[in-house]
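In what follows, a single structure is set out as structure tokens and then discussed.
Residue numbering begins at 1 within each chain, and the chains themselves are lettered A, B, C and D in the order written.
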Amino acid sequence: MSLGENVVVTLFGESHGPAVGALIEGMPPNVEFDLEQLIADMISRRPGSGLASKRKETDEVDIMSGVHNGKTTGMPILLIIKNRDVRSKDYSFLPYQPRPGHVDHPINIKTEGAADLRGGGSFSARLTAGLVAAGSLSRTIIPSEWKVEATVGALGGLEGEEGIALAEKARKDGDSLGSRVDLVISGLPVGLGEPWFDGIEPALARALMSIPAARAVEFGRGVNAGTMRGSEHNDTWGQDMSLSDGADGALGGMASGAPIRVRITFKPPSGISKPQETFNQISGEVEELAIKGRHDPVIAPRARPVVEAVARLVLADLGVQGGYIDG
Amino acid sequence: MSLGENVVVTLFGESHGPAVGALIEGMPPNVEFDLEQLIADMISRRPGSGLASKRKETDEVDIMSGVHNGKTTGMPILLIIKNRDVRSKDYSFLPYQPRPGHVDHPINIKTEGAADLRGGGSFSARLTAGLVAAGSLSRTIIPSEWKVEATVGALGGLEGEEGIALAEKARKDGDSLGSRVDLVISGLPVGLGEPWFDGIEPALARALMSIPAARAVEFGRGVNAGTMRGSEHNDTWGQDMSLSDGADGALGGMASGAPIRVRITFKPPSGISKPQETFNQISGEVEELAIKGRHDPVIAPRARPVVEAVARLVLADLGVQGGYIDG
Amino acid sequence: MSLGENVVVTLFGESHGPAVGALIEGMPPNVEFDLEQLIADMISRRPGSGLASKRKETDEVDIMSGVHNGKTTGMPILLIIKNRDVRSKDYSFLPYQPRPGHVDHPINIKTEGAADLRGGGSFSARLTAGLVAAGSLSRTIIPSEWKVEATVGALGGLEGEEGIALAEKARKDGDSLGSRVDLVISGLPVGLGEPWFDGIEPALARALMSIPAARAVEFGRGVNAGTMRGSEHNDTWGQDMSLSDGADGALGGMASGAPIRVRITFKPPSGISKPQETFNQISGEVEELAIKGRHDPVIAPRARPVVEAVARLVLADLGVQGGYIDG
Amino acid sequence: MSLGENVVVTLFGESHGPAVGALIEGMPPNVEFDLEQLIADMISRRPGSGLASKRKETDEVDIMSGVHNGKTTGMPILLIIKNRDVRSKDYSFLPYQPRPGHVDHPINIKTEGAADLRGGGSFSARLTAGLVAAGSLSRTIIPSEWKVEATVGALGGLEGEEGIALAEKARKDGDSLGSRVDLVISGLPVGLGEPWFDGIEPALARALMSIPAARAVEFGRGVNAGTMRGSEHNDTWGQDMSLSDGADGALGGMASGAPIRVRITFKPPSGISKPQETFNQISGEVEELAIKGRHDPVIAPRARPVVEAVARLVLADLGVQGGYIDG
């Protein structure tokens, strides 16, 4: 459960266990720990408001190691976020009636019944709290010209207010909605990245596809590139090596100088209050299951800060690897 | 330039250097080396026919270590494919006039001029020969029920003969065309995979996005999931845990029992014979550049066996990790 | 700060920070968590009695993740041991007057002053508490025939009561004494291990040399092998492949079937109450420094359980690697 | 079979297969390839003269990738050394009569008979040719102030001419002799290294213990530290942080500024022409075995350049890790 080779983030915890969090290795020493930014970042992904579930978590981060006198020491940083608002009785139907679209059944088989399935256990989006905390820390080592910005691209295929209305409608129907987050990374030095499997695109694709419910990752013109001609698709090297903007923010794993545009599609949340059919392993019948609990109707708004965190962690890792950031 | 944690493939070589190839670590001992399959797999990606460039390579694989009496020894396997049909004078305009859509400029900056840029150097699709050879070897350790099948999904958005016609048209125009490969993985045991960053989807996304010219990776319903409702998207667990086919071949990084459907979009090849504008660093002007040499007009047909190879390597790696395959 | 490739233990914490501990990845699911054994193992390395410092730590281990219903879940296990009996004013002379034989000066330079030097910070033997806790957990996955036993070999070169008397004498003089731990690993299956850099001997040598104050690691006949002839040194393969006991418990990185005998020499603890000379960076003079605080006069008795823990972690790692243990 | 995290060397090949060699990843671009130094280094470990076996190998190194116009490109460097003087009939008694002190039996069990045992296969000291070649390359990236010097410390416990006489005597008796190599590393910047498991001492101990026949690694005062008192053992920080020379070249995994002194003890070579007893798996009896072939009577003279190579590779790796060397 580790991301990165140089700045390494390892997640731990279960949704209904004592805590979730992250262990971060490879942060250089003497980096100011920006507590206010950390609090702001944690709030940005917190449930309890708007298009998000009603689970209330303060998401206070306990810094257990690696920080001394308000600065990093260069040693592993352990961040713990205690779980408080846990209602485990909501999950008594598990593992006998696995929820459609959830990891309940595969993880139960994989661990031969040992996994803590309540609230998704270690697969819960709750663990993204640790990712966001780690991503917040990585801000301080990333050069200020390297910009990472994720926005909610579309809800149910619609942008802005229309999308929000669509999501509200789905919620009222006890249903959920697919969505998209748009990520733009700009200001990277030409050549940042690595060849082949550790390139910017593969590294981002891996990290972004590990966010729960991600179903597609597109770079540049994405799926549209599949219907274009080369003469139309190619960005050209203009005056002084400037690059027309769109297709080729990264080439062969390395930054080209143009913005890197990424789109991440999230499936509609699988947990809906509308009754769904699923197999009951006790009765041996397919039966209806109504999942109580607190559901997000759409993922993009809460995934947005996670996308940013993950992108920052990938850049921090590549930056140290390439010598752009002191490791 | 390594893929995998348990079965580790490291690529090496340059397009116009002495050789390309792969070093494979973690193959178990006593595995029959299927030379005929290797030859067949190498032929499937070879240039020189149909919608492919005219570079002629026999792509004979020299086995330099790790095989004894026709079986693996458990030690690192070195596969070397010598370069023969190399025409380096085609690239004399580099690095001063970087080709649009190519890695020439970023790699030149990254390596401060040291990289061998001829034919794309270490970033050339020529290095996929090593990937295909390694993928061929991995066939022998993957259980026979695990099926991996990649097909050419579309050329320029069209399937079958229509797509081929469109690609031929592009070639005649000195241009190129985008394309798509469809990958279906089936027969995996429920639970195969790992949580989070090493899950099936992140691992495949990373490996597939490292194939040159890949621009999008979609799982299940892919970008279409972004416009669906949960009640419509969710696959349900049917009788005896069977799963309706489509959305959820992998859940939370693990196989669910249903086929995993992946679509990989490739941009149109950047190298086209039609003249393109690019900056000339000597003259300080944007000038036309006509790239001679041998170009593929469309990527999917040649990428297809690479997609299969990459998918097999990911499965072999996860299979050893999970104890499904003896390491 | 990670040990292992398959069963991975990462240490964190500072001697005078909030806590120390370990994050353990790669433990298989459904392993009974033996709490009593854990308590017993923690007690075995605890300070506060006999030939150990007077620091009083209960060393209670908080299990923060990865354990559910008394069994492992297969997810990362976070173990935290809070620091309680901390007296930080003892270290006000740092970093200006680095203690002889301590890491104060190198770590201060390396981290440009950012490290928490109190009590040795992240380099304190206090962090071996996390190692011992992790080693305790690994007991449950190691086959019962694989025996790991470390004993106090010698104190100041003398065995048994004589050695203890010598150490007591050193303590009364405000001084300290060198020592040796003897480790015997037996019952391993022939062939356990890996070639070259990940072999049993290299892996043990690395892990054991990372225990604070270790200065030599010897295998088999150790330094004595340097004065022997081959005809005298070689163990012979006897009836039914039995091996005469002594020289060759591991051959080429793999278990041979005979016991693996290892000796680890520890230097005398650098922290002594007897005044020592050291450079004072403020005065620019070499001055006497008397280090108050609580010192161990000899290392072997407290290192003994750490040696066992480290050896178990190496074996667990190699066991999973080789398929002898379900990963 | 890989050493290093940043500069990664992977060995491959078999003693009686087509070739041995090394794949080196992580070498920075634009490093002059010093071919004359490479040739000199290869000659220094070559068999065929003095206290070495009579196997004749020219040990020419073929550079297959990663070097262009005489400089590194930053891509993986593949070095191949073809095997020429191979006499495989000498090993027809394997695997039925395993040689005492050799890896024949464990590797045969581990690989279920698949390994190529001739000449030690992948465990042969022949593979150190790849290590020496890789170490030669690493010279060019290591700062010139960092000095690495290994000398033959003792043969059979005796230094200089006396030791050589003792080894000659052993050879004439069809026997072999133990030996020691002394390694001194100086000029390192204070703080070079990492905490705990990746520290200088653990990293060197691992790498050195992987040299065939190594049996002990000692740092500073080594096994003698076990009989000393702290007041006697501690090096003191003198005027301007100079360090008295001897005990503490590395502290807590990091360079202290003083020379790091290491002693490596090698067992007497197991392959001797004098008949030895070993079990014959066909007859089921312990029988005499006289091993023909070409034997080294003592290891230190040929291990000396390997010790240097290994030490350089460890330093290059730590240097890149710590930012002292551009990666």
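What we mean here is this: a contact is a pair of C-beta atoms (placed from the backbone, for glycine too) under 8 Å apart; a residue touches a chain by one contact, two chains touch by 3 or more.
The shown structure was predicted, so the numbers you read here are calculated from the model rather than taken from an experiment.
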Shortest contact path, subunit A to subunit D, counted in steps: 1
Relative to subunit C, chain with the most remote C-alpha centre: B
Inter-centroid spacing, subunit D versus subunit B (mean Cα positions, whole Å): 38
Whole-Å gap between the CA centroids of subunit A and subunit B: 26
Two or more partner chains touched - positions in subunit B: 1-2, 11, 75, 110-111, 122, 195, 322
List of subunit D residues in touch with subunit A within their complex: 75, 195, 321-323, 326-327
Interfacial residue positions of subunit A with respect to subunit C in the complex: 1-2, 10-14, 17-21, 23, 25, 29-30, 62-66, 68, 71-78, 80, 110-116, 121-122
Residues of subunit C defined as touching subunit D within the complex: 1-3, 11, 98, 100-103, 105-107, 109-111, 122-123, 127, 154, 156-157, 170, 175-180, 190-193, 195-199, 201-203, 205-210, 212, 214-223, 225-241, 247-248, 251-257, 263, 265-272, 274, 276-279, 281, 286, 322
